[in-house]
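One chain, chain A, appears in both complexes that follow, with chain B as partner in the first and chain C in the second.
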Partner chain A sequence: MLVLKPHHGLFLITLLAGLLIAVSSSSWFILWMGLELNLMSFIPLLSSSENRYPAESALKYFLIQALGSSSLLMASTLSLFMSKAWTSIVLLSLLLKTGAAPFHFWLPPVMQGIDWFQCFILMTIQKIAPISMMSLILTNLSSLTLISSSILSATVGALGGLNQTLTRKILAYSSINHMGWMLAAISVNEQMWAIYFMAYSLITLSVVSIFSSKQIFHINQVLTTNIYPQTTKMMLFLSLLSLGGVPPLLGFFPKMMMIQEFMSSQLSLLWLSILLASALLTLFFYLRVANSSLMLSSLKTKYSLQTNLSNFILSSSLLNMSPALYPLLLLISY
Partner chain B sequence: MLKYLFLGVLMIFAVSEWNVLQALVFVGSFLFIFSLGGGFHFNNLSLGLGVDWVSYILILLSFWIVALVVKSSQKISDTYNFEILFLFTCVALLVSLIMTFCCTDYLLFYICFESSLIPTLILILGWGYQPERVQAGIYMLFYTLFGSLPLLVSFLLMYSVNGSLTFNLAAACSSVGFVSFIWYFCTFFAFAVKLPMFTVHLWLPKAHVEAPVSGSMVLAGVLLKLGGYGMIRVSSMFLGVGREMSFGWLSLGLMGGSIVSVMCLRQTDMKALIAYSSVAHMGLVLCGLMLFSLVGVGGAVVVMVGHGLCSSCLFCLTNMVYERVGSRSMSVSKGLLSFMPSMSLWWFLLSAGNMAAPPTLNLLGEINLIMGVVSWSKSCFLGVACLSFFSAAYTLYMFSTSQHGKYFSSLFSCCSGQVREYLVLMLHWLPLNMVILNQVCYYMCS
Partner chain C sequence: MYLSSMLFLCLLAGVSLVSFLIMTFKDFSYFVEWEIVSFNSCSLVMTLVMDWKSMLFLSFVSLISGMVLFYSGGYMAGDLNMDRFMYLVLGFVFSMGILIVSPNLVSILLGWDGLGLVSYVLVIYYQNEKSANAGMLTALSNRIGDVAILISIGLMFDMGGWSFIFYNDTSKISDIGGLVILVTLAAMTKSAQIPFSAWLPAAMAAPTPVSALVHSSTLVTAGVYLLIRFGPSLGGVSKFILLLLASLTMFMAGLGANFETDLKKIIALSTLSQLGVMMVILSMGFYNLAFFHLLAHALFKALLFMCAGSVTHHAGGSQDIRMMGGLIYIMPLSITSMNLGNLALCGTPFLAGFYSKDLIIEIFFSSFMNEFCFWLLALATGLTVCYTFRLIYYTVSGDYNLASLGCASDSDYIMTWPMICLGAGSIVGGAFLSWLIFPSPYMVCLPLGLKLLALGVSLLGGFVGYVLNLMTESYQLSSLKNYKLLNFVGSMWFMPFLSTYSSSYMFLTTGQKYHQAGDAGWLEFYGAQGAYSGFMVCSKYLQLAQDNSVKVYMVMFLVWLIFITGSLI
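Entry: the complex of A and B
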């Protein structure tokens, strides 16, 4: 269950303030400051007095982000002396901060220790500032780094998730895989990135809200804790398919737009085909989670028949069905 | 077209009442019969939707099959096996099928083509019998998605080259070369998987064996036809390469059809036999579609409709046996003539339909296909001969093994057929044998 303590409100506000400072900064120093503010307010959100796993995660997170921030700070002063190489260093430090592929190793263990609400923030909000900064420093040299990181993220996310049985790790690898698509999106244009990111956040929200309401941390729990009302089962199934990008659902459309951008700006088809193949692989491990929810007649323990499902959870999953409303837009436009 | 689509969408409000929904789908199919306006061209155009003769007959088929699916899955309602969810899935499937057949835009067609997968997957996983249904469902999903992602890329490439994705407006790719060959292959492969063509058909028998009766009926009745329909729509884009490459598809279709027919002769699972027989029939349909002649395409459409009705009915019969005997194995459910003598008549009639005996639609279609294929090349005689001989052979094998012989003694007693079941069979058989009286058939195939 999502329990917000009073200090959470305070730190959420400073977290968002740090984010806003970072994305609207005009100098690298202010950007660094914003990112630090963001980091410093996320640490107290992570830690909890009940057990020590969140503290461990918070420590790991802090160390990695501090490394990223310090190299960012170094690169921004380096820009005075070396006019070319510093962009690569900035890019690498930002990739480290988002958890994109060659620097992704911290993300699954950190996610494993924290609660679903914090996982959600880590997967979505914490990525906005670094990614939007990456789109500012694209040069020929750095775009090569970006492309290789995108390809690596897609592959690592797809292959790494295959032998995971813990839902938080599966979502962490899915987030790494989606980073591959988002890095491809920023090398096309920023709007595309914003669209992809929003769709990804909404779908993740719908998956996380179901997992969080039932406290599901292992894929066996999907079968045994009995997400009792059938609608919830369907919603979990559809949200996961949507995360994998199966056509009529929300997750498909940003992918389709990405393919179209690849076609119209004549980017490499090899890159695209790696992204698509990795999307298929991720769909496979999402399906492993979803399948157990779809075996309609399953064992039910008596306590699991009581349901305390809020409407919010169901309505957030309905977001995945939103493409069904697109024809209405067509009607309005005619 | 929007009115029929809305009819489908609004059926969602009736999902809590089994009988009402069933009646509504029948009424829908009745109303839709009158919507064919004029001949070969698109009519009923509105908001990017429209029907021509191919889509008309396939939409009618999907209305009809979904109505019969609901009728033949009465057991789900009787045992309260998540019946509301079942009806909801059926309605979602119906809507996505109508959308697929009536859209006039390649991209929308692609989206709807894929969206029918999800309700089918839910049908298989939700109401299937064995735990192996998970594997079957994943096979189906991944075969289809793996085939269709290149299709999406190819459609979007078409968009960036042509500037339009509307049927008949998108300019054809007339060049013949390596790149256009890759493009052509990416476009057709998705439909070949869905059809399914021999060599990429492995998902179909698995899915059929694990699916409940509703899943099998829809899969054999309509979903396989999506592949053929898609091929009809895109083949006008690739006339140049298509002509060069049609020899490959034809030989694969004929050879694969013959091999699969021989494989049918060694099946012991009734459902697997019928599933393989669908693959064999679809091999001939593939040949007809790749001929680029009116005889071929007309014959292919007629066989698709005939096969949709016939194999869906055979799956229905198999399920009736399964509900009584508890097994689909031919060595257990044999000698059914003693248990269900009247049902045996229907087995005979539908087996006759499956081997394309007169006066079924299959006969008309197969005659056209054979004419088309043989006029394309004389050397196809051998393949066509094998295909039609073995299709008669395995149907006879299925009929005689299931109906004749000594009955399995562990079955104490059973009902030899309810009125509802006979009605379902009749409603399959009647269009299969009566539509041939309609002149439009000959018009299509002339």
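Entry: the complex of A and C
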């Protein structure tokens, strides 16, 4: 259930402006400014006057991001006289801002307090600027930090999600896990990261839009709420499987490309295998969301409001099936 | 659907019969070959051969299956899945047709596997545990033959082609080691010769029309037909083994039928016995005689099964012959047809079975063979008449044993018309076939004793079979004194146990041990569940780190910052 208020439009525009400033900046100071603009316009998007949980989340988010920004600002001044260490500080602060392990702790509690729409922005749009900045400062020294963070993110995302029963937390840990993949993608090249990020955003959009339209916050609700039309159920599970990277679906392809890139660019296979094993674990907890309702029980509450999916949700879920159209590429290429 | 299938199949029968007649009188055959792929000088071709043999067999198969399909319109009336049944039977006929017209081992495999698959699906048509077991036994026994044919295909790669009919006149086939033995093995599984006999009575779990089709002209004759086609290349040890096993099969089935009380199983065992006869004469080298008996047998065996189906259908669904008796007063037409079939089976003069069976026995007696097989054949001939007259006593002439309230009758014309048609075939079929297949008669020269032997054992067998089973009050069942022997003889020499329990026992127990130790044991503990609990412990610790205030997160970040930056300075 997407509720947009008039001020949301304004802050969304400034949020995107901050993002664009940060991505296209030429100096660390302008970058910091863009990130601050982005942060400052996301805070009003989070908070709501009707509920105290978003406010708490917004405060947590602000504190963490402010710490990241300030250390980023510190690093940009330190760059004058600490030629080696400042990139590490920048990298660490950017990792904190994106919520990559070992600085991921803030992400699940923040996500737990906010609505699905804001969750979606937090999981996707808010990651563009820091990750694209990270690709700028990759050196031999900082890439070791990056690899460790990537491996940690993948593991923590996979293991942390195992214990969760709340859908927003599951998606938060899924986001941390995918951060591991995206950090690996930027060490391959930026294009790879862009592809991975696009696919991840689309799949997340399809999952979140269904959760949001049915207001599902706990995995019990998948079983008991009014997921009445069977197509909704199918779409949800299709999206979850896609998020886990099951072959014919969209989520599989960026992962496959990553595997190929790892092979061709001689990156560590241990790293890749940890990423893949973690993807398996995430698939387990996605399936746990789907399994009971798909396989065991089909509860139809007769008194529930029978709402059909909007075309937007349907089409966003169908995006997961887009690999079925890939053979059509032959028509273009020949 | 039963009517249209019948019309179509009878049309097919007519066409192939006419082409058979033309081919016989003008003495030619058609051979159609389509090369699909050629590699390494080995060409994979789809071949159709239309000579008098395949056309005659095709006409018989389609005539009988047409009759059977029409019959099942009455027998299966009211069945929910009747259309599925009809299509399956048609699939059966189609597979058999492919097998008949292909002289090529690859295309034979198509029909062969089709028969195996459809027979499985038809045996398990009635969904219960017994049918499932019978179907599995049937499918897996036939699977051995499939594998043998697959290996033969691999071996025939040596020859540059799979059309064995080209090589029959040369020694090429017998040059390839093991090929003939494998083909013989395949034929023995399909025709249920001795180590693989168990599936044939078990397949009686199928609906009766299927049994009528399977046991007359399609499934079980496929093996015989394959060997007839392969005939000239058979030789040496495989021929000898085939002779021995076929004689034993014939004897074993004839003996076993005398102790069986299930109507359909008695007829199934008689099929087994007749298959033994075909295989015996085949292994002596008389392919056309085997083919002749195959066709004549197809006519009266289909008739017998139809009558048996009619009887069980109207006698309240029970197949136990002890529950029948005196049926001639109630359903005269079915019982007359059954008697006709039975007499033809015994080789009563001038019925269908007489021409082929008498000829086979006399040719056998006049050719070179060992004494063991000679006595087995003589005994089996007597036993056939013996169990036939036993059956006649139990069903036709004995006392009325049906339920006191019953409505058995012959009123269903859909079931009686095919019986009448095949009954007519059982009367005249043998004579016609012998005139058509053999342009000149066989020369048989036997001493008087041997000549009368067949007649003698038949008369004796008939007498014994009828009299030994006569039963009234205060008779003692003296056969119980030899219970162990009876058990051995009456259960097909323990073959059903041997081919189910003995072959699966070791594998199942080993599998169970592996399952207990592996899948349900160590692998489960240290594999799936171990990994799960390990991951959950890790997850728990992560959760512990997670449950902190934002202050702690920030301090953690600063600690990392100082630690990493410090290490770099």
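The rule we apply is simple: the second predicted complex is superposed on the first by the 328 of 334 C-alpha atoms of A that agree within 3 Å, B and C clash if a C-alpha of one lies under 4 Å from a C-alpha of the other, contacts with A are read in each partner's own complex, and residues count from 1 in each chain.
By definition in this document, a contact is a pair of C-beta atoms (placed from the backbone, for glycine too) under 8 Å apart; a residue touches a chain by one contact, two chains touch by 3 or more.
Everything numeric here is computed off the predicted structure, so don't read it as measured data.
Asks: For the overlay on chain A, clash or fit between chain B and chain C?
Replies: Aligned through their shared chain, the two binders clash on chain A.
Asks: Just checking: does A:G160 make contact with chain B only, chain C only, both, or neither of them? Give me first, second, both or neither.
Replies: second
Asks: For A:M198 in the superposed arrangement: first (chain B), second (chain C), both or neither?
Replies: neither
Asks: Counting only touches as set out at the top, which of chain B and chain C does A:L280 meet: first, second, both, neither?
Replies: Only chain B; A:L280 stays clear of chain C.
Asks: With the two complexes superposed on chain A, say which partner A:Q260 touches: chain B (first), chain C (second), both, or neither.
Replies: Only chain B is touched by A:Q260; chain C is not.
Asks: Let me test your reading of the model: by the given contact rule, A:L96 touches which partner, first (chain B), second (chain C), both or neither?
Replies: second
Asks: According to the stated criteria, A:F105 is in contact with first (chain B), second (chain C), both, or neither; which is it?
Replies: second
Asks: For chain C, sort through 9-17, 45-53, 99-107 or 333-341 and name the stretch that clashes with chain B after the overlay.
Replies: Superposition on chain A puts chain B right on top of 99-107.
Asks: Which bits of chain C are touching chain A when the two form their complex?
Replies: Per the touch definition, chain C meets chain A at residues 535-536, 538-540, 542-543, 545-546, 548, 550, 553-554, 556-558, 560-561, 564-565, 568-569.
Asks: Can you check the complex and tell me which residues of chain A touch chain C?
Replies: 60, 63-64, 67-68, 71, 82, 84-85, 88-89, 92-93, 96, 102-103, 105-106, 108-109, 141, 145, 156, 159-163, 281
Asks: Quick check on the complex: what are the chain B residues that touch chain A?
Replies: 47-48, 81-82, 85, 96, 107, 110-112, 114-115, 117-118, 122, 125-127, 134, 137-138, 141-142, 145-146, 149, 152-153, 156-157, 159-160
Asks: Note which residues of chain A are touching chain B in the complex, please.
Replies: Of all residues in chain A, those touching chain B are 230, 234, 237-238, 241, 246-249, 252, 256, 259-260, 263-264, 269, 272, 276, 279-280, 283-284, 287, 291, 294-297, 327, 330-331, 334.
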